[in-house]
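Two complexes are shown next, each including subunit A; its partner changes from subunit B in the first to subunit C in the second.
Right after this comes the complex of A and B.
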């Protein structure tokens, strides 16, 4: 019988994991563009903080500063990871299709709707409130609805992927035999399901208090960000990029023809996941005995370093023998290595900024760590696109273009992070709005120079993102067919053909 | 002569149970956060010598009645799962209907209590947290009742049998977690105040 469904119907009703994965990743790249533009504008404003140049008030700067972080996590990094997992995990664990495919499709559309609402909320002077409460209350409420919808979407898609790993595996494949990427998604997804509902609880409390009457406490626009900020900073950000470790292990393993899959590597990934649990670190509710929590936070910060080092330790012996290196894999191997280098720097900066005497906990150092860690996640996704691109879009992949966009992005993150890390030592605050500047910095020429360097970093990040989007579009439109298994990798995803549309 | 053996039976893991367990754990974390905030602010308020709930605002009877209702529903939900497992369709209908009625009764009692309590939501942080926590739980019970309604529809259509009982088992996991959360609401809000 002739299939009479229209293109729109097919787009909206598809349940095929690879198609859904493309939707997630393309939408996330647009979210990343939004986040990068917001970050660039804030960096531009910081060059001359003696007066407002492109924004009219410090509250406007704050709006874009928070938009950069919220978008980076909820509508860029997390959906990129989900998109990858949606396509790759079912193939890696030998499942004929994603478990709960309709829920996965529904989750994408809910997330997309939420992401659009978040962007509109920020552009309508809402966002997550402002310190002087000059934002539009209705728009703040709208943004919160967007945050809730994106989280529901991410949780739904995560549940689908996790259930595929736990209950949809092919018979004979034990959890300890699954590839490193699937394992890292299992750990990350479980921790996302443990922490995102906490963010939902915070958001619901703020929303209910905000609607229809004068707020009691939580719904005051001046304190909204304070209640939600734990999800966008140390240590929680390690959790958002956790699948990075699996991506790197897989690529390095195949590039050096040396299988990396052992319980110790899996334990190290699990330990990093545990170190990333940050739902307890809600400074807004710190009363009573903060000493314990502070001590816990410091211990946790330093645990993250050995955890990531352990992963590196399991991977690095494979790199030692360069003779075994397959030159074909240069692009994914370089990007994967650079991403773990960025992550390692991120956890070190994270540990440095909790050292009390340095007084860096509210300085620009925080911003350096966030961009290093989340940037590592984005770079790992670029490496993954380079690696699994043929499976994702079914076309041949131009490695050189991905390498150029990845390197541009990497240098942007590096330059931005170095400048922000150093300027943090001069006393520049993490949020450097116009009015905050005078109180937080000495205004020396050093600070201005470092802020200019930081702006150049932001510009490179944006250029890298634009290049990545252009490369993706070019690949989607390309007519060069996929070559099959270009790397000679031996994991299951390269050997399975799927036909999984749900009737 | 070569004998072709039939393939080994595929011990298919129960995906619906696993998925429900993940979602239920997420719901537990949601309420865990709300309770943490509740205790944190309550402790702070009391430490300053201030009043948490106004005198006699929180009555023991409505919370106790809800707890009793939900406790009975645990038994009826277990009965439904047992009946479906044993292909006892009549008892399965009866047990599912009873569980749904218990859920509706719980919602009805809570809404009545909201009308009766005379404590506006903007009275204090305590009032706000009371309504958010019990309201969120009410939503959870409501979802459970809708799920039970769908189960009944499927049962009447003959789809819930001992071979296809996952949906009933998954619903029971969800329902038990709903009751589990209410135990904390009853203990710490209605009794502990």
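Right after this comes the complex of A and C.
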């Protein structure tokens, strides 16, 4: 059939996996920008909390503080991972396309509209409510609807990718033979599908409380963030970034021409996924009970086991093979290594902050751990873009520009995390509103200095994100054709070419 | 063995039932009303609850049908046609570009926003969703009807176009008539005359311009039409928000005189 569709028609009707992947990733980068700006404003306000600099009330600070976290997970990190998986997984398992291409397209559009509604909800003084209940109820309801829509989109896209791995593999490729990235997506996607419906239930519960009548009131409309917060903190955030383990394994394996043992690596990824299941950590129901705190500490300790396994898997086979390092792979290898380093720091900070006597569970240390872990996920996506970029956009990739963006982002995350980790020991709370400053911290010059350093970290994060967006746009507009398989990698995605779809 | 079609329709049944209960609880239903179809208490918004329950019931019936006919697979088709399985036409799985994912997403999002904003918005989303459900289903059916994509396309066109064109034409005309009437009623008498004259002239000149250039790209024509229709609809919405101009009834209040229908506007 002759293809007579216009550009607009092609944009809105596509079901082709690589194109959908581009949509996901570009939209996610814009979401990351929104999240980074919100985080920067909160950091700026924290420099001098004795008086209002940016925001007039603690509620305003709370809106942006929660916006930063919600957007980072639902509008940035998860869609980045899904975007990568949408393009790469079908090729890696030898499938000509996603098993449910139209569901994938539907999922993207639902997610996109949901993301826009979330942003509008936050900007319209809604968000996830405020401690003093000064937010607009309608806008809070709108934000909750946006959260539901983004989750529907993420679950739909995950289902399509997972089904492709399970049922769309080429003959002869068993599950244990699929590349590490596809395996990590399989584990992560399964766990997302196991936990996101719980978040849906939490959101619906709050929504019903807000909009329903007295007979069905569960009393959660005033504590929206408490209902939802488990999805934006540890251990659940390990699940959001789980595919980074597959990304790192593939890049490091190819860089050193030394394949990591699949059973060992796959077991470690599976264990990390299991330990990251965080839907039980419902602060609304359980916080403060001994059983909850003990279980929480055990999980935090347990997650160190797969983390150690991963270090052994990634580093030990390489020490003797340093001479075999392919210098051409410097950018993806450096970014991948830094992302796993950030993740391990996140795990360590997570383990430290649940130690009871230190009393860090509600301090800024939590913020350090979240930014380290989710930052690791973003950095891994930058490494993946450096690695698979030619497949994703069909153009030649400037590795130097990606390296500069990645390093800026990495240093931003590192500086922010160190400052927030330390300031947590002074007593500064995770959420520090204007009016809480005096009560929450000792107000010493140390605190102020650390908050300034934290702000510098936020600024670098934002600059790294802006640089990544600029680099992506430049690559998309570039006319230099792709060179094929620049790394000499042996996984299937470099050898297969997706079938052209008939419009 | 449960067939894929059964699972799909059963899933829709569960989703529609859950949505109905959810709507019931959020629109004034009692504890047990939405769960007992109104037998033990109120179900909340009757219209939304009724529509969703109807959707659940229909999905259930279709699930039973799908299971009964084994999703019309080759063996079942052979049995019904009373032919050998080799004589059943081959079906090719074909998945090309499609606008229905976007429209379905729009329907879902409109419904979701309607939950917060206004029942009318919710209803609009529901209509969009129902229409896209029919279109998407028919598209999928036609793509698997035979092994020839051209033939499949013709089958779909032949089945859907006689329904789509009159329905879309009626809906389009209805929307435009309502929008233009709001604009004319919002403007002054003289203004309404001028608007009607200018808009009519623009439509005439645009049509003349297009007719004189048969080689003009389809995208440009679509763009011109889209801008024009959007302008009329947006103007209509703004006019409706502003309200109609003042009408002064001749002879005082309605009902006081025999000529109460006579009115004078300014």
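Just a few scattered comments:
Just so we're on the same page, the second predicted complex is superposed on the first by the 457 of 503 C-alpha atoms of A that agree within 3 Å, B and C clash if a C-alpha of one lies under 4 Å from a C-alpha of the other, contacts with A are read in each partner's own complex, and residues count from 1 in each chain.
Here is the rule we use: a residue touches a chain if its C-beta (ideal position, glycine included) is under 8 Å from a C-beta of that chain, and two chains touch if they have at least 3 such contacts.
Since we're looking at a predicted model, the values are computed, not measured.
By the touch criterion defined above, A:159 reaches subunit B but does not reach subunit C. In the superposed pair of complexes, A:208 makes contact with subunit B and with subunit C alike. Residue contacts after overlaying the shared chain place A:198 against subunit B, while subunit C stays out of touching range.
Legend: residue contacts after superposition of the two complexes on their common chain; A:142 is shown touching subunit C, with no touch to subunit B. In the superposed model, A:105 makes contact with subunit C only, not with subunit B. Looking at the shared chain after the overlay, A:171 reaches subunit B, while subunit C stays out of its contact range. When the two structures are aligned on the shared chain, A:279 is found in touch with subunit B, with no touch to subunit C. Annotation: subunit A residues 103, 204, 208, 213, 215-216 touch subunit B in one complex and subunit C in the other. Within the complex formed with subunit C, the subunit A residues making contact are 1, 4-10, 12-16, 97, 101-103, 105-106, 108-110, 112-114, 117, 138, 141-142, 145, 148-149, 152, 204, 207-208, 211-213, 215-216, 501-503. Residues 10-11, 13-15, 17-19, 22-23, 25-27, 29-34, 36-37, 40-41, 43-44, 47, 121-122, 124-125, 127-129, 131-132, 135-136 of subunit B are the ones touching subunit A in the complex. Subunit A meets subunit B in the complex at residues 99-100, 103, 155, 158-160, 162-163, 166-169, 171, 190, 193-198, 200-202, 204-205, 208-209, 213-218, 279, 285, 287-288.
Contacts from subunit C toward subunit A in the complex involve residues 22, 25-26, 28-31, 94-102, 104-106, 108-109, 112-113, 115-116, 136, 149-150, 153, 217-219, 222.
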